[in-house]
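Here come two complexes built around subunit A, the first alongside subunit B, the second alongside subunit C.
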Partner chain A sequence: MGSTQLPPGTEETLAATTAAAAAPGEPVEMVQLLGPDGKLGTDPVFSDYAKRIDPEKLRVFYTDMARIRRFDQEATALQRQGELALWVPLTGQEAAQIGSGHASQSQDYIFPTYREHGVALVRNVDLAELLKQFRGVSNGGWDPRENNFHLYTLVLAAQTLHAVGYAMGIQRDQKLAATQDSTDSKAAVIAYFGDGASSEGDVHESMVFAASYNAPVVFFCQNNHWAISVPTEVQTKVPLANRAKGYGFPGIRVDGNDVIAVHAVTEWALEHAREGRGPVLIEAYTYRVGAHTTADDPTKYRESAEEAAWREKDPLERLEKYLRAEGLADEAFFDQVDADGDELAKYVRSTTHGLEVPDIREAFANVYAEQHPLIAEELAWFEEYSAGFESDEETAN
Partner chain B sequence: MTVKKFNLPDVGEGLTEAEVVAWKVKPGDTVAINDVLCEIETAKSLVELPSPFAGTVTELLVEEGITVEVGTAIIAVSEGGATDDATPDGAAPQGQPTDAVAAAQAPAAEEVFTPTYGKLVADDSSDSGLAGGPLVGSGPKADAVKRRARKRPAGSVVPAITVAENAEGTVQDNQALLAAKAAEAPVAHRTTPVRAVVEPVTQVPAASAPQTPASQPAVSQPAASRGAAIGGTISGLVSRVLAKPPVRKFARDLGIDLADVVATGQRGEVTREDLVSYQAQRDAEHDQADSFWGTSKKPQDQRIERVAVKGVRKATAKAMVDSAFSAPHVSIFVDVDASRTMEFVKRLKVSRDFEGIKVSPLLILAKAVIWAAARNPSVNATWVENADGKGGAEIHVKHFMNLGIAAATPRGLMVPNIKDAQDLSLKELALALNELATKARAGKTQPAEMQGGSLTVTNIGALGIDTGTPIINPGEVAIIAFGTIKQKPWVLDGEVIPRWITTLGGSFDHRVVDGDLSARFMADVAAILEEPALLLD
Partner chain C sequence: MATMTIAKAINEGLRASLTKNPKSLLMGEDIGHLGGVYRVTDGLIKEFGDDRVLDTPLAESGIVGTAIGLALRGYSPVCEIQFDGFVYPAFNQITTQLAKIHSRSLGKLTVPVVIRIPYGGGIGSIEHHSESPEALFAHTAGLRIISPSNAHDAYWMIQKAIECQDPVIFFEPKRRYWLKGEVDVENAGLSEDPFKAHVVREGTDATIVAYGPLVPVALAAANAALEDGRSVEVIDLRSISPLDFDTVEASVKKTGRLIVAHEAPTFGGIGGEIAARIGERAFLHLEAPVIRVGGFHMPYPVAKVEEDYLPDIDKILEALDRSLAY
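Showing the complex of A and B:
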């Protein structure tokens, strides 16, 4: 698993590439511990990591996955009610996000895309704050330094570059700390991106730099099979995890709907990075069950049979099966999870209604740290422009 | 009790309007937060709208089938429920035009609940102080969900009134349209119980003058699903229709030819329900026919019905114009003796393999088209303009057959296609055709099923038509019109004998398909209809 060696001969490389190209998307090998049947399997490397997860942790995994799914439904409804400009549903990808999020430690820094609501939950971001951006009342919504959870990046794949730069910064900090006998725990970075973003040049550059500098970064690719309407088969001729080979670091495909395996693999990868052994690419093999965003209609480009097949692999159902079969959770637990979800939904709904449009003057205040003549001039112009409106009387609706 | 209105949100990114396709609630219904209120169709997709309120529906403000602008109030919900005031349960149901209810309604504060996306937010809170539910209107933060119309620059060159009209024009049109529909209720073939009941309540505060039909142009919905009634008649034209004896008698009594009725029975038989719905449809059409000509007392400009072009009609119009004026069409025809096809169909119908499967000559034609396309591949192609980015065009010949079938559906003309039809056995093809037709007739054709077609068949014979010059489906280069099959005198070995004859028509894009190729292709299709055994080749 995870050999960093390049294949010795070109012929072999060619043969391997051709074989993979013949069956795009075929999992060459995929780490899976908890199957869709809810039975726990084994893996020579990652079972040891899975054993670290105690029953309480498993229940937390389940609770978080259920809560974020409920949140996702509420946010979708809020969008349909005109309360949010847009929503980016995550349903189907709960295990990939909750599992990897829980594998991170507080000193690790996370660079999400715009769909990592599950990771945000694990990192204690207030989910109502997360909705600010989607309501159009903030460019961000939360303080990324508070939870080491970066703001959502809407520019596809740009965050992978930021992540590698940040990881290289960590390396320099650690060199400095080593000279000062600091006891700070070592940190790593996770860069989230998707199968669509994997085609962007930014990802390539990030991986080249990460490998060259041996940066402590984990590239976490959620392959949800659809880059809006473009299927993975069009994005790549080889399994995405295999691309790591070309850069010279380990690539692992993990069942992205198996929260235990995702957690184990991510924990391994973060350790690998923190220990100074360089980057890792994780391809979490999952599926976006809903639309790309609320402005998208997946029935226009994919068959409902495909969605149904993936629903069979639902991440929550398999963990529920396991918890029940092993006697780790009872009916009362699941009832409580449902109640918690409704509570969260209610909180998010009422808070969202209260999110107000900020005074645009705040934007002027945040351009430079100190007073700036050009900004002052523009603000004056804006004040004059605003004053040019009639009083607050409402026109007929 | 607070009456709240839900304004149509922008459910996509930057959509300006949507059509209310179907209401899932009616006045008097109790709704909880996130219960589905209605289905709307935008330029992007069909979307269900969940309720932002918990309470009782007091009024539906937009009728099904009407397109309204984003921001238009579509439904009113009274929060807190009607049961907690003095009115006894059931004594005065919601919307009853009694003074008591009107009085109860009148003082209720009407809050307009509006999306804030892209709009400035009002900061007045004159209607606050309502201890409503956990939603909007409770406390000082309620402002965020209210929208104020854009302010107008003081002393600007545009007069204020003009601005207002521009902004609200479409909505007003729709309201006028609704009013007109309500006014012509006695004439309309579509009943409007919802409005009839609710109208008085909302009209009380407005004190509006009653509207006379003469003052408004009468606007009515076009007959919605005429196509549905004729979609499945092909089998009736060529063979005995299946139906149980009581149904046959019922049909005779009503004077209905069973062949005209769409069969929905499990084995393709006409059921009693089919007859009833056919009768209802026919009555509606006849009623319409009687009242179609406007009274000549009215000036002619008031006797013009204006039908908005939207949805499928709009898409069809655009596709047809694009095709007709970019692809030079050449149409050719051939008469075919389809007697052996008829025999073959007859044999398939009684064969055990095809038990329960609807078989029609269209099946053989479909097979023939696939067979002939493989022998003349250029007909199964696309003309791609500027394919290399330098102005050069390409012809993309498709080594697969996504066979399109033009279908009249309740929503208009659709051309769903059967993907990889070349891989299907005769039986699989029959099943695929049935499924396609059933879905289309039910209006359930998915957009994905209409994409990627490679060649289309239009079954105009179902309407008893001999042939025509069809317009090519955009993205394709050939379309086949399948005429009706009827017995005609035919000369065989010097003798005139009755045979089952049909006419095949085809239109071809001459940029791709030359005369000789289209002729060869049509001759090949005709050859199969004349001798289906060639398929075994």
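Showing the complex of A and C:
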């Protein structure tokens, strides 16, 4: 993947870019490469990173964005049909998630919120596993260590501290590896959170700790403009990316609907972290096109004109325009993407119906890692109680 | 055998763990060069360096939250919360995250984090420095809660806590930090299992259950009762979660009377839980209701009146009299 050396002058250029600490109400610089018109622009730092993305990779970006959007639609439908208790749609945020997810390397560890379905896809988490949580059969079905993709965290911002601690562990692993004369691959951590969570104290504390210990962590904030019904303006009076300055590390706002820029900026940030230069905050400026969750009704708090304006900035459409204009993808490619989407939808639907309901004994078994007498006592009671019903049934039969 | 204070015993126990396990580390406010406000970690930063003994930013949620992340990466962090009353900023991380990660990952992840908390009153301190919040944590499944009352236990229990794969909250009786006792650093003996209660004095007429700072008080009360010809058994609970009801039950079946003493308020407290369970397990053996001695339902009072608040020998003897009067 990426080179370990930053291009000459990168730090200085970035300093100039991110130093535009806008006062309240002032505009802030935003890194954008692929505009809504499908035209590729340039950036003094990140164009070099964008050049690393070959046409095949671009087609993968498009395929993944289309797949996760289709998955999102299918999961929303499943919720409407009563198959899922709740769904958390990501539509609109595909570029932010697919772009950043693809910038990560296998040894990097990801701490998602509960909406990072796109990142999960990139990290090869079985999408059916995501549905377990929303069908009420599991609180997180996958093994986080298999793909270095942590379980979803539902208490806002709690995972940002876990991410920093994990990154502190990576730092110590490298030192231990050095003393043991072995080569441990350099790794970084991504902490995902949103504009709403940015108000939580844990985000502040995580940034303080990350800065103090120079931890290899990238804070990836998807500013999707709405924390359920409250707009970003209530959470912050300055662009969120500018908050990084207060902690003493770089903050970059990137067009979150531009998958090329998101990938370039995240790749830069992860290299920065892996090379021991410390944390980075990325604010991916995007929009939650749908509801916060299926329990929400956006018509109560925002104008449809706003939604329409953001639909014009759609992340898939602009990449499609670019791929077609540059002759990088033909009609057959897009037909295939649609066909794959249909297959995925079928898979998701059939898998959801087949998800097994666990036994409550599984819950008893996992409260503690080691023996616990109260668990044993309550389980024994439950077994005896349950057995009573079984013998009643036998008598009745 | 060596004679040392409880504070020194914890220090030595931490030193032993840091030596044995290269992935164990300490983190907290002022625990490095100062050695902690009670000097429990005195000298450890010199010996193990600042990668293993971390003076953290002043943020309790940050301490516990990053400890969770370190544990997920394979480390065994031991956090110090400076005082009992300052644990609340970390309450969310402890109860919604630390306690649940093993369960919600279906056992795939373990988070062997230890949280040391100096707790309890009797030191004439200012607000928020004398509290006993153990019941708040005992109510949360997924956590283990233990509290030593003597130096030997302190030395061994802290090491067992660090070895345990579950999160452990280690409540340190701060007014007993300077209490000296014999420590066998070669053999844990009865301290091997930190989750079992100990009968620290045998008796036949009544049982007093206590833990942490009140164990010496319970023993003194038992001594005083002997002068009146009463033979009182004393149990040092040691572990609050899990709670060794078997040992308490066996004692009550022998004595027929039970007094539970803790500094925490009685309402919604550990004493009530013990009373209920013993009622279920040994109802027909009880000669009197289980009587609780503990704090009042009020914020911990100002230091000049804390003597009226804290359980002492007289309050325990009064409870004993009430029990024996049935």
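Here is the rule we use: the second predicted complex is superposed on the first by the 353 of 397 C-alpha atoms of A that agree within 3 Å, B and C clash if a C-alpha of one lies under 4 Å from a C-alpha of the other, contacts with A are read in each partner's own complex, and residues count from 1 in each chain.
To be clear about the criterion, a contact is a pair of C-beta atoms (placed from the backbone, for glycine too) under 8 Å apart; a residue touches a chain by one contact, two chains touch by 3 or more.
None of the values given here were measured: they were computed from a predicted structure.
*Asks:* Following the superposition defined at the top, how do subunit B and subunit C come out on subunit A, clash or fit?
*Replies:* Fit: subunit B and subunit C sit side by side once superposed on subunit A.
*Asks:* Using the superposition on chain A described above, determine whether A:D255 touches subunit B (first), subunit C (second), both, or neither.
*Replies:* In the superposition, A:D255 touches no partner, neither subunit B nor subunit C.
*Asks:* Look at A:H353 in the shared chain and tell me whether it touches subunit B only, subunit C only, both, or neither; answer first, second, both or neither.
*Replies:* first
*Asks:* When the two structures are overlaid on chain A, which partner does A:K175 contact: first (subunit B), second (subunit C), both, or neither?
*Replies:* Once the two structures are laid over each other on A, A:K175 reaches subunit C alone.
*Asks:* Should A:L86 be classified as contacting the first partner (subunit B), the second (subunit C), both, or neither?
*Replies:* First partner only.
*Asks:* Where does A:A167 make contact in the superposed view: on subunit B (first), on subunit C (second), on both, or on neither?
*Replies:* Only subunit C; A:A167 stays clear of subunit B.
*Asks:* With both complexes superposed on chain A, which partner does A:E94 reach: first (subunit B), second (subunit C), both or neither?
*Replies:* neither
*Asks:* Does subunit B (first) or subunit C (second) touch A:Y368, or do both, or does neither?
*Replies:* A:Y368: touches subunit C, not subunit B.
*Asks:* In the overlay, answer first, second, both or neither for which of subunit B and subunit C A:D72 touches.
*Replies:* neither
*Asks:* Minimum Cα separation, subunit B versus subunit C, post-superposition (Å)?
*Replies:* Superposed model gives a least subunit B-subunit C C-alpha distance of 18 Å.
*Asks:* Where on subunit A do the contacts with subunit B and the contacts with subunit C coincide?
*Replies:* none
*Asks:* Taking the touch rule as given, give the residues of subunit A at its contact with subunit C in the complex, in rising order.
*Replies:* Answer in residue numbers: 109, 138-141, 143-145, 150-151, 153, 155, 158, 160-170, 172-173, 175-176, 201-202, 205-206, 208-209, 212, 362-363, 365-370, 372-374.
*Asks:* Which stretch or stretches of subunit A touch subunit B in the complex?
*Replies:* 73-74, 77, 79-86, 135-136, 293-297, 299-304, 346, 349-350, 353-357, 388-390, 392, 394-397
*Asks:* Considering the complex alone, what residue numbers of subunit B touch subunit A?
*Replies:* My answer: residues 6-13, 33-34, 44-52, 71, 73, 112, 114-118, 120-124, 134-136, 141-145, 148-149, 151-154, 164, 167-168, 446-448, 451.
*Asks:* Mind pulling up the subunit C residues that touch subunit A in the complex?
*Replies:* 22, 25, 51, 56-57, 59, 61-62, 64-75, 77, 89, 92-93, 96-97, 100-110, 112, 141-142, 144, 164-166, 195, 241-246
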